[in-house]
Amino acid sequence: MNEFLDLDEVQLDIGRRDRCGLPEVIYGEGKSKETILKTFEAFAEKNIDAFATRIDAEKGDFLQQHFAAKGLALRYNQIAKTFRLFNTLEAKPVGKIAVLSAGTSDAPVAEEARETALWTGAEVLFIQDVGVAGPQRFQAKLPLVQDSDVVIVVAGMEGALPSVVGGHVACPVIAVPTSVGYGANFGGLSALLCMLNSCASNVLVVNIDAGFKAGYAAGLIVKGKHKNGGG
Amino acid sequence: MNEFLDLDEVQLDIGRRDRCGLPEVIYGEGKSKETILKTFEAFAEKNIDAFATRIDAEKGDFLQQHFAAKGLALRYNQIAKTFRLFNTLEAKPVGKIAVLSAGTSDAPVAEEARETALWTGAEVLFIQDVGVAGPQRFQAKLPLVQDSDVVIVVAGMEGALPSVVGGHVACPVIAVPTSVGYGANFGGLSALLCMLNSCASNVLVVNIDAGFKAGYAAGLIVKGKHKNGGG
Amino acid sequence: MNEFLDLDEVQLDIGRRDRCGLPEVIYGEGKSKETILKTFEAFAEKNIDAFATRIDAEKGDFLQQHFAAKGLALRYNQIAKTFRLFNTLEAKPVGKIAVLSAGTSDAPVAEEARETALWTGAEVLFIQDVGVAGPQRFQAKLPLVQDSDVVIVVAGMEGALPSVVGGHVACPVIAVPTSVGYGANFGGLSALLCMLNSCASNVLVVNIDAGFKAGYAAGLIVKGKHKNGGG
Amino acid sequence: MNEFLDLDEVQLDIGRRDRCGLPEVIYGEGKSKETILKTFEAFAEKNIDAFATRIDAEKGDFLQQHFAAKGLALRYNQIAKTFRLFNTLEAKPVGKIAVLSAGTSDAPVAEEARETALWTGAEVLFIQDVGVAGPQRFQAKLPLVQDSDVVIVVAGMEGALPSVVGGHVACPVIAVPTSVGYGANFGGLSALLCMLNSCASNVLVVNIDAGFKAGYAAGLIVKGKHKNGGG
Amino acid sequence: MNEFLDLDEVQLDIGRRDRCGLPEVIYGEGKSKETILKTFEAFAEKNIDAFATRIDAEKGDFLQQHFAAKGLALRYNQIAKTFRLFNTLEAKPVGKIAVLSAGTSDAPVAEEARETALWTGAEVLFIQDVGVAGPQRFQAKLPLVQDSDVVIVVAGMEGALPSVVGGHVACPVIAVPTSVGYGANFGGLSALLCMLNSCASNVLVVNIDAGFKAGYAAGLIVKGKHKNGGG
Amino acid sequence: MNEFLDLDEVQLDIGRRDRCGLPEVIYGEGKSKETILKTFEAFAEKNIDAFATRIDAEKGDFLQQHFAAKGLALRYNQIAKTFRLFNTLEAKPVGKIAVLSAGTSDAPVAEEARETALWTGAEVLFIQDVGVAGPQRFQAKLPLVQDSDVVIVVAGMEGALPSVVGGHVACPVIAVPTSVGYGANFGGLSALLCMLNSCASNVLVVNIDAGFKAGYAAGLIVKGKHKNGGG
Amino acid sequence: MNEFLDLDEVQLDIGRRDRCGLPEVIYGEGKSKETILKTFEAFAEKNIDAFATRIDAEKGDFLQQHFAAKGLALRYNQIAKTFRLFNTLEAKPVGKIAVLSAGTSDAPVAEEARETALWTGAEVLFIQDVGVAGPQRFQAKLPLVQDSDVVIVVAGMEGALPSVVGGHVACPVIAVPTSVGYGANFGGLSALLCMLNSCASNVLVVNIDAGFKAGYAAGLIVKGKHKNGGG
Amino acid sequence: MNEFLDLDEVQLDIGRRDRCGLPEVIYGEGKSKETILKTFEAFAEKNIDAFATRIDAEKGDFLQQHFAAKGLALRYNQIAKTFRLFNTLEAKPVGKIAVLSAGTSDAPVAEEARETALWTGAEVLFIQDVGVAGPQRFQAKLPLVQDSDVVIVVAGMEGALPSVVGGHVACPVIAVPTSVGYGANFGGLSALLCMLNSCASNVLVVNIDAGFKAGYAAGLIVKGKHKNGGG
């Protein structure tokens, strides 16, 4: 369970799936494509579904060519900048995670959350551009959302959407502030502070632009719920 | 029009009513009660309706006793900490300003906005505790609000209410962040940033806890509108 | 479901239990004891289990005397500053929430989380003072923690404990930064930023000192899980 | 009135003109030119005057070529980065909005305010480079400004001009801080804080570089005023 | 010239008058009254004019009683919180320093600047409450100010007055931000940033509430000027 | 070595002396005097020299009375707010730690560093008030300082002293920023940033006001050095 | 005296030399080269010595070619990014300004201060790389510096040099923080705060990287001094 | 000992080795390659081992070609961006410094620390990617680390590793925050604050990304220890 692979500049946490419920995810920023490749191959050898975030187009092409040549099933989402290698048969999805975004410009973060949630094995409902300035848009979609196990809400600028969503649903809301905006947005600080101070009691927060973490934690909540027999 | 009274530690701007549409308002913080009294008396002599903010209970009692003894009409609001001296006959209110607060704890700031708006000569609709966590509360009040000339929205914590209100009305919204909250609220910074970054285009912002400025500017908008013959 | 009670300065969200899974919780800061009492009575009339946070000793005594005189079951926790009124029979707890604190000085926030989690109907495991400076302390308690449905980790100063816990468990971790510390702690900012930047993927964050929100969201996760038949 | 168009990644708020007095404005940043085009066409189909901000030269050229080819009236302002499509006959402007800038470097923001104000249907008086370091410059222009319905003041660096203007006019002043400056300007924070703390009571503030919001709100104030019969 | 007195917890810089043009000034905050007394006595023995800032009422009374009993000439200004002991004959003042304040609430800082400037041996022109919201007030006083050798401008809130003054005078302006204000004033940060970003090129800045440093540096400028024979 | 005592709200790290070279130190802030007493007694039972910081006068008196009554050797320093219980015979000090302070007002932090360094078993040279404004003061003391094993420099305000000291000595300098100052000192931030950015390469930094940490780490450096046979 | 030239996007302050002692200086950032040229020509026509800062290489070449072709005397300093056009005969310099820099990397700011001071008509002593980490370097240069009328000290990183210089000279010190550094330097904030909190009483501060403002104000001090007959 | 070389834009501190134990290190950022070369040559002439940081690839190539042509021993580390010139025979390393990094992306800073520590003459143990999210990784390496004289811990994101390491070792820990991360990492602020607030008492901190300073100070600690006869 505490097993790890010593690849010199990377200590690969092979035991995390057993210890923490899901395998380690590779954070691609600041790593060379060779290091990332080496890591994916180590996972493949252990038959672990491998998933990486922050994979830019150049790294994505490199990985796609390499693994496609080997005949492996893979999925690269260029907006999300995620890369996924299917080493196990994909199971029927359990649970339902709704991913909502406040604006079109939030797409990269929302897509990252979606891809991650899919990788954890959940079904994902994906709805974009339902921010509070046009309140009728979220109202129209609400019935689709209400039976979700978790709702992920991605929003930049003032970040008010999670508070509004939180007031309408009976499940946890994971709020993802984005750095979308300008001026006194300060790189996402405005949305982050708004979400941390939400008066809706069911709002949990992750780092700015951390679509991945929202998807991961949502997947874990769904897994726990459905392992326990639910439906 | 550029007249002023030299009271040594105070240079009273007697000309402001003519120059700027409304008389100077006295900011009570950090001024002695003697200085405030002197200022009120100078206004009284000029037959100007005098108004002061940040008048704590002790100063309020002092002023009340002094001017009540002189038989002058006055109004001290202990929650708002405002003091008003009626030197002219009160005219029939023109225009309608709605003052909404997100939570009961925002009362001092909301009351300051209300008192100021009343002093400018407007009619005020006052609705408390309609924050976004219980969205049906604002929805229920919306019809009362929609024919306002200006809506003032007072909110602490995440400060999301102005964005929501802004999406439903066709008049300017003046957002007042309050320092109500704790933790990553940072003295009202969270609400302030949220409001500045509002994706509702009709939201204008004033300083944290500046109920007075919202009321004053709202009054000016209403004055301009109705001077032009509206109704 | 969208029902609310108009108590003038309070608009009581009576419909929240149906809409959001748990009733509205009263935030005691900045509200008068009369307002709080009025709110509790309204809940009592509706047979809703009422719960309030930020109830200082003076308000706590006032509420205790009032409701004890009426023969109602209640619970006031002076460290947590929470007040609870039992209007329904307490059900057998479902699910298990672990509440861990890094240091003894974090007790008020940890207790608030515990009380809230209990009020949501979960069983709570409560372990204090297992911060990272003495790592063997958490190691010794780990076996007790690992079968929890959710782990709440309360920590001030550098706020490193959630990252460490996150690396050992397969359920979501809700991290609560506290304002405990001094100097470059900046009122809890150090712990907050640490937790938001956690490299453990299962760490979700709430506001500084927001023990309540952690307990509430944890309760919601547990409720969702066990409603689905688990256990 | 709550109508919207579901364009997948965009939920177009077709009902905003009726609900909020002016149509939705497209924020171009972070949206592809195809998405923006699709949105403009949807507005055109509904005969709504469409307006977009943050349209860089490349997107601007693309839109110009597309709609010019269709024979539609349009206007692209390269400094303001605004694009406007005339779908209705332009009415005679009502009301007067003065747009003042403190320095020549503030031009992009001032131009954005001007274009937006024009789009709302107001007459615009545009005066540049009248900052406080050369006080005689604003003094000379003051007579032109004083009969405005609203004054928009755009300023970077220390952002002192709105306070000075506010002391001379009897209408609301909308202050727009810009990110012009260096060093302890911190991306416009200096001007923003200065404006929020203005001792002139008639100063309302929008986000840093938010020329658009100032123009929009000013237009709304003017619309409200002149709808009521003024002039 | 590098002489100092070792008083254990204080190392008194006896040589500073020769080295730096003016004697060391005692900063009273956080020092016991006994320590301050010991320091004053050491200066007295060396026939140095001693001056202390941040002397609260209790310490002020203690020092006054002690030195008055000894028949020494002294001056305690309770608003400025400065204490001065005359050990040398007061010379005829040379040079002229204008001290302007934006508002009545800035008095403690303005008075500290005045007292310090007087102690350096300059003549002081003291004008209060001429902030930019009532621009005619400063205009009226401008002729009195224009022949000053240095102008000290003390302002809180938005801190715009130094920029305005700087645009009218041909001598250096020393700007002193004060912590007067509320909300997004952040303890004087708004005024500080405004002054640092002043577009008036002749504005130099000192710390928030540092009336002392402004008076000291102004005195030094005047001393240098008049030592050179000026008039 | 990983031993700990479970005192319920405290998990006492009995094994730290073996694991980390020095026993656990008790942080008194936010702990009740009963909890602190219980901890001291547990250490006493194990014959471990116990040391606590942030012990205010009331707690100090309580501990002094309790342990004096038991005939135990103790030391309470009211400026440093440290309490020490001697459970082992004090050994001859090894190594030399210089503690320098920039100003008299830094005394509480400097004293905390001194007491902690003494408790670790080192000899301490203590010099106060040698800040950079009177540079001859530090120059005069330099010969006393140069043969130290570590120099601790305690400074508030601009925090420049460590850089100056660092340029003159051949041993590590531990810089302790203090919250002494006002205005743009922001609770010690100015000194902290100055020290972190020191161009002297031998300057290490601890938290604001963390005299304890400086003393502790200095003691550890000295211990390591002299365990290795030095002298 | 209040004369200005209306060049549409620029309102040129022709009267500043008379009003403020020195002509307006052109801030090149964000202005087109055509606008800058137009301004220089307007000054040339009025026989005013024109000076501009923030002139990058491209603009500098453009201006040089233009004015060299006209046979005008000019000076472009590529490190300082300043451009100067000599329209009047250069007078014999009066007064002495020392410009010191802490490190070689501060050169652009130090050069800007030097060029500006020269333009004001003073003699300049220029010494680089004498920061506090090698304290003997400044000590060696001190005798050259001590008879200056003003000392400008340019420093990045911790910004400690002005405090040290301030402790050795009897004239005003103008401290210029630079953005040189990394990490917790935060774009010059560390040096700025250090300088604002200097315990040397004769230290005045300007904006980060504002070599120009230091040179300008220093020139004004020197002018005032020597106008009065000094030497 | 206070010798320095005046190279005009650089004042080279030749005496630092004698005064401070190690020679001056060249900070390459913002210096031209010619200036850096001139400095290296001056050191070479004095037979001093020269070392530079922040040498990008272009400058590195230039130096390598120059000195390789002269037949000098050198070492350029492209990840660390350090350049070293061996002017003296390399002695047998004394003491042991462990350099740990939390993640692969921290490599540049960790390498800079390693190169600096090697240059000071110590033996270095280098272990990467042992952050707290996979706690078994550090546990596995702990036995290798425990006999170090100093441990340098390099970590970005939440920066929790130094606290964990500090709880397991009996020597000083020097924590180096890195700017690795995103969102609320704010350029390394999260890791910096976490480390400053560490509850492990043996943690000392340097600037963000300051691998150099950690290596330098660690070298100094080791030097002091082993000069004293240790082993």
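As written, the chains take the letters A, B, C, D, E, F, G and H, and residue 1 is the first residue of each chain.
The definition used in the following text is that a residue touches a chain if its C-beta (ideal position, glycine included) is under 8 Å from a C-beta of that chain, and two chains touch if they have at least 3 such contacts.
It should be emphasised that the depicted structure is a prediction, and the values quoted were computed from it without experimental measurement.
Engineer: Select, from A-B and C-F, the pair of chains that is joined by more C-beta pairs in contact.
Structural biologist: When the contacts at A-B and C-F are counted, A-B has more.
Engineer: Can you check how far apart subunit B and subunit D are, centre to centre, with Cα atoms defining each centre and the answer in Å?
Structural biologist: 26
Engineer: Express in whole angstrom the distance between the two chain centres, defined as the mean CA positions of subunit C and subunit E.
Structural biologist: Going by mean C-alpha positions, subunit C sits 52 Å from subunit E.
Engineer: What is the distance in Å between the mean C-alpha positions of subunit C and subunit G?
Structural biologist: From the centre of subunit C to the centre of subunit G is 58 Å.
Engineer: Give, as an integer number of Å, the spacing between the C-alpha centres of subunit C and subunit B.
Structural biologist: One centre to the other, that is 36 Å.
Engineer: Where in subunit E do residues touch at least two different other chains?
Structural biologist: Those would be 103, 133-134, 166-168, 183-186, 189, 192, 196-197, 201, 207-208.
Engineer: Can you name every pair of chains that touch?
Structural biologist: Applying the touch criterion to every chain pair yields A-B, A-C, A-D, A-H, B-C, B-D, B-E, C-F, C-H, D-E, D-G, E-F, E-G, F-G, F-H, G-H.
Engineer: Using the touch rule from the top, collect the residues of subunit E that touch subunit F in their complex.
Structural biologist: That would be residues 2-4, 8-11, 13, 15-16, 24, 27, 29-31, 35, 177, 179, 187-189, 192, 207-210 of subunit E.
Engineer: What residues of subunit A sit close enough to touch subunit D in their complex?
Structural biologist: It comes out as residues 103-105, 107, 128-130, 133-134, 136-137, 139-140, 180, 182-186.
Engineer: Taking the complex as given, what residues does subunit G use to touch subunit F?
Structural biologist: Going by the criterion above, the answer is residues 102-103, 131-135, 157-160, 163-164, 166-168, 181, 183-186, 189-191, 193-201.
Engineer: Looking at the complex, which residues from subunit H come into contact with subunit F?
Structural biologist: Contact set of subunit H toward subunit F: 19-22, 25, 149, 166-172, 174, 192, 196-197, 201-208, 212-213, 216-217, 220-221, 224-231.
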